[in-house]
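To keep things simple, chains are lettered A, B, C, D, E and F as they appear, and every chain counts its residues starting from 1.
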């Protein structure tokens, strides 16, 4: 009566019947745990010392960095390979080119790291400048969720632009879970971006955000329509340079442009373009 | 002067005085870490491969599944046992029936797994259909927080309907922490549900949600009153089939019914019923 | 062509050029992983049994507590030392006083633990009283994110009042990541506080919150201006005793006072003071 | 000048040149860490509680055992599969029969476990009877290296008799490392065997040992010749029932038989057969 | 045909039938892994820094030591409690005295630590003096197996003299496995003892060894008879001060006394007493 | 009465009084755990796949190797640095040359790896040739303790010849503990060496062993005198090419030479030189 064997059988039968979700058959998908582990390595290369529990000194920095780069190439190449195989034809999978192609993407990502570091520095400086409570760049890097979310987004976005499926999405959902900031890997975000508090922020796939933009908690930059056949259109708004968007604002639509230097007040609902230097507020109690 | 001994004494004294929160005395409560570990096992049975860092093949799938089911029964029976003991009388605790009763609940949960898999598949398909940015069912399962939150909810809800206290709540708060989606284990949710982005969604204990409902970030399905003696009433709204609720909408009250096929716009505030096929929007800037 | 050596060189060069973010040079900052580990120890002292995966009994409670207190003093003294060194002058760093000063702060924190336990109990009781779905104090402590966020806040606030930089912020961002509740360590919060659901709550640095206040998800208690030279002013509102603030309300400004016993409705936007016993609601659809 | 890249190249070149030891090429060998992990599981099934750090009770014993058996079958089938593939032809490897064959061996091993438990009990009782310092069967099982070495040998020997290469040898060398007792998996050992202290004991591949034999530290049961073409002959001695062999004795040769009930004194050197009931001693200072 | 359920049943049946070895029933035995973990803590208190992978400084030494002592008392009290319960009557087990008694033994062990440190220092100095290859006390402590075996023996012997069963034997077999040196916890060993190389050394339960004794690899200090009813007699030899025993010597018998200052040559076999200052050698090839 | 504080004080006092063993003061010694971890990395570079629990393929081999080499250089440089600092003067320690010097030693070790691989291959082939029970080179590498002991010895010996203290000794004692084979890092051992079974083998600091030598368990190659002022002399024997030494033989003395091609029988005791092609046996019972 306590037998589990027939229960195992029923579940195995369910695996056979509900194909497509069962990951045990024809091909392998990127592994969430591996992608997150390699993301931690990447964060440690971008800001050495940010996560590790030991002290880095100049003598060993070269070796620690070398160890990480080798590990990143090995592991991320494998995960990206699985993601690429899954979208390519059987012929392509059988060829030897897939691995090389995947490796080249990862090497290109590593070549981008100095630029990613520069961008993250501009984000951290924007946070320091934009938040009276911030006391130092280091405090910002160690504890501001917006800075981490943008750092991860810039990595995921790079892979997204190279055509890698699933892996960037796993990265962005990981940092979404940690910070409450949901940025689709497809979004284009300029430098000096500051997302404060961040919980509930949603930035859609085809958003284009300029330089020096400030975004507060609960802001949605979304689509007006979710028709499936609009997937290839620009469905999300454009935010020009030096815009500030306060908490809870909702800005929707692929043709909506928030003009340069505008200030969008909290809890506003915007579905049409706004001229440069506009100030949009709800009435206040 | 550096002595910690008197400090230890003062804290122990505090444990004695503030009874009821101190877990070191009369009975044991379910352990959060154990509940979360077993939840990971359950997720791996529902979608084999979703979390594990190794490749499953058909040959070993039976043994991996068997290993997990045995571990789930052992560990979850123990945690549920602690939760049940804590609400039953001393006589009931002393009898041998508690363990058997707890074990039967867990075996029933395992019998439910094929159905839970089917429901999760409908949720994943709803996400694929409802989000232009989604590219494949696998991407959805691996990276959409709404799909995970619903999968965990369906497990927690099953235990809740069996009368198990605390354990389902630990599960739902765990996934709330990971996704920002807060669904009380008591809520009834139909198949093909899609919660997009999800951060800030709150679904109350006595909600009833039909089939094919779409819910965006920041939606609250809550109560109008929080009087303690209303605990046994239906305090949260009913959402009928094919309803879409956009970001930030707040729908309150146990008698509030959102009629079939309605569309509730973003940032709306609704405390009364709405006829089928209604479209409710705030005015737009 | 697969060489990583030149890539390592380019990244090391980037470390040299972008000084101030690179943590590998002149001084060490508090380590995020260590701070979080010690925070877990502190939570286990405040509510023994809340996180651990073993059963505590009276016989061993003294030894477990002693072990934890010694570990807390050792590890947190070191992290606080790094934070303090980083703001003090070279002369101060060279002296031996830094370690002693840091240790005294941690010992004072330990002396505060019985009071922190008492405050957390009042929070848990407020949750039990305020939520019809709550069934027991233990369920609340084990699974309500608001109770955890407040417990961590009270620890972080204590360190903040002692002038410790960075460490309290790491703690508050850690629990922000877990709960979606973002409370700045500087905020002053009275006893019997209940934050329900919590996702998206933001409580600013100079907030002052009285006793027995209820706060729902998505509430912002923020600043009207983010000018950097206002950093030392009171920029965030005062909430008096017995106030309830429903989901999505935004209350801004350092001179804004919500009078005793007021009820602030959901999705309201408030930038001026409100008299005691006020009830402020948006119009409802 | 600090470059490691050319050093990596030189080592990779060495991997290419010294084929046959480099495990990175054509086929995979059993993994030492996996074999040892599964061996720990087997030991825990044979003597539940012997290694685990938690308390087993009757209620959960079935589930713990089921979990272990599934894990043993999965993992050991895979390791044995690698060992078998490595000795079979390419045609055999390509067929699907290898996995089934490996699985059947492991299932047969599991069928043998009750018998292996019985044998280990006779060994433990022999130790209790034979050592005045032994106080209880439990002490013997928990702390006598001879009992563990024999338990592992009986597992390894079973696999050896099924024709599995390498895996049994990894098992016997693992326990050799832990106990200093080196028993080749090919040796045949009867029940009620007691190996006391054990360090330095060597028992060769074609030894045949009867029932109720006592062996002390430093005893060698070895071969007279190590010519490679004698590999298929019986090269090691036969020890009949009820023999005692004291510390440091060396008994060599495939035709050497130590007759029933004999006592072989310490530090003796024996290369010819000995009649039943003999007592062989060196002269004593 | 792949079913494991009937196999689980057969093994459970075997657990029921072979009572006394099955640890899943009436009482719990000390746990090997826990005893070894606490032993590592004790070694770290005796020689702080010997095993740990971090740097200790004077400031934190007090807190590290306090943490360890609390952990040692908690864990070792529990293991000793299981060992004591197992030998006492049901009445004794039900009383509350067992825990207190066990705790007092552990507190006495902790009171002994300064003396254990002193003894280990004399052993280390004896190794430094006695081995031309030894270059420093630190090298000796970090890498000489004889020093570790004696350190663990002195701990195990202390518990043995307090009447604790099984636990000291687990400790001595643990270090036997690591070093090949098998010292029964009952043996009495004076200070300044040096065991060089050590593999194969066996020192029996009732041995008495004086000060400044040197013992080489493969030495046996054993019994002449293993009759079970001699268990309470002195069965192993006495070694007086300043004796040296070279590799492979065997000295047997409870009445055998090796007189002060004697030198016992390699591979000798001694079953009778030897006068002080004797030099005993085998003839040499 | 349960206070541990005064006990902590007494132990701290003991740390102050017994200087030189307490590792918490003036300088740091190499850390045993770190040395062993790096040794595992070195073994994995020498025989890729020998220890790891994952499958290596050609594509990733370069990256895995690069990761390991960087980690080896970082970690072993640090441990060797601590060992070197400990023997050098304060002036030397303050200079910056110590780190560079240590790093150069480790880079030289890495340059030696192809040669170390070649030597280990000759050892493995010698085992395959010399043991009728050996079935394949792979079985030998995966399971013969003699092959591992020699592999580690060749690493430790390289560091010893570079003048590094303590670290090589930690390595050799680690593998002594695993295999029972005790080879001092100073010993010189030629290629094609086969140590069979190995338990109890002792090879002293100044031994010189030629090519193609076979050594069985319990063989001692030791010193005749252990006077401390002989530390710089050759105290251990020379074994010429193609010698076989059977189990338990003892060969002592720095001037003792075992001539080319000799066979030394089991349990012999030799303190003088032996001509080439000699066969030395004890008489046999």
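Note that a residue touches a chain if its C-beta (ideal position, glycine included) is under 8 Å from a C-beta of that chain, and two chains touch if they have at least 3 such contacts.
These figures come from a predicted structure and were not determined experimentally.
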item	value
Far-end chain from chain F, centres as C-alpha averages	B
Selected pair, out of A-F, E-F or B-D, that shares over half of its residue contact pairs with A-C	E-F
Chain copies touching (chain B, chain D) - same or different residues, decided at half shared	same
Farthest chain (mean CA position) relative to chain D	C
Whole-Å separation of chain centres (CA-atom averages), chain B against chain C	26
Separation of mean Cα positions, chain E and chain C [Å, integer]	49
Chain A-chain E separation of Cα centroids, rounded to whole Å	57
Rounded Å distance between chain B and chain E, as computed from the means of their C-alpha atoms	53
Overlap residues in chain D, where contacts from two or more other chains coincide	2, 4-5, 62, 65-66, 69-70, 73, 103, 180, 199-200, 218, 248, 267, 282
Complex interface listing, chain D residues touching chain B	59-60, 63-67, 69-71, 73-74, 77-78, 99, 103
Touch list for chain F against partner chain B, complex	3-5
Residues of chain D that touch chain F when the two form their complex	2, 4-5, 7-8, 10-15, 18, 20-25, 28-34, 86, 165-166, 169-170, 172-173, 176-177, 180, 182, 184, 186, 199-202, 204-205, 218, 220, 222-223, 226-228, 230-231, 235, 248, 250, 267-272, 280, 282
In the complex, chain E residues that touch chain F	45, 47-53, 55-58, 61-62, 65-66, 69-70, 73, 103, 107, 110-111, 113-114, 117-118, 120-121, 124, 129-133, 135-139, 141-145, 178-180, 197, 199-200, 217-218, 247-248, 266-267, 282, 284-285
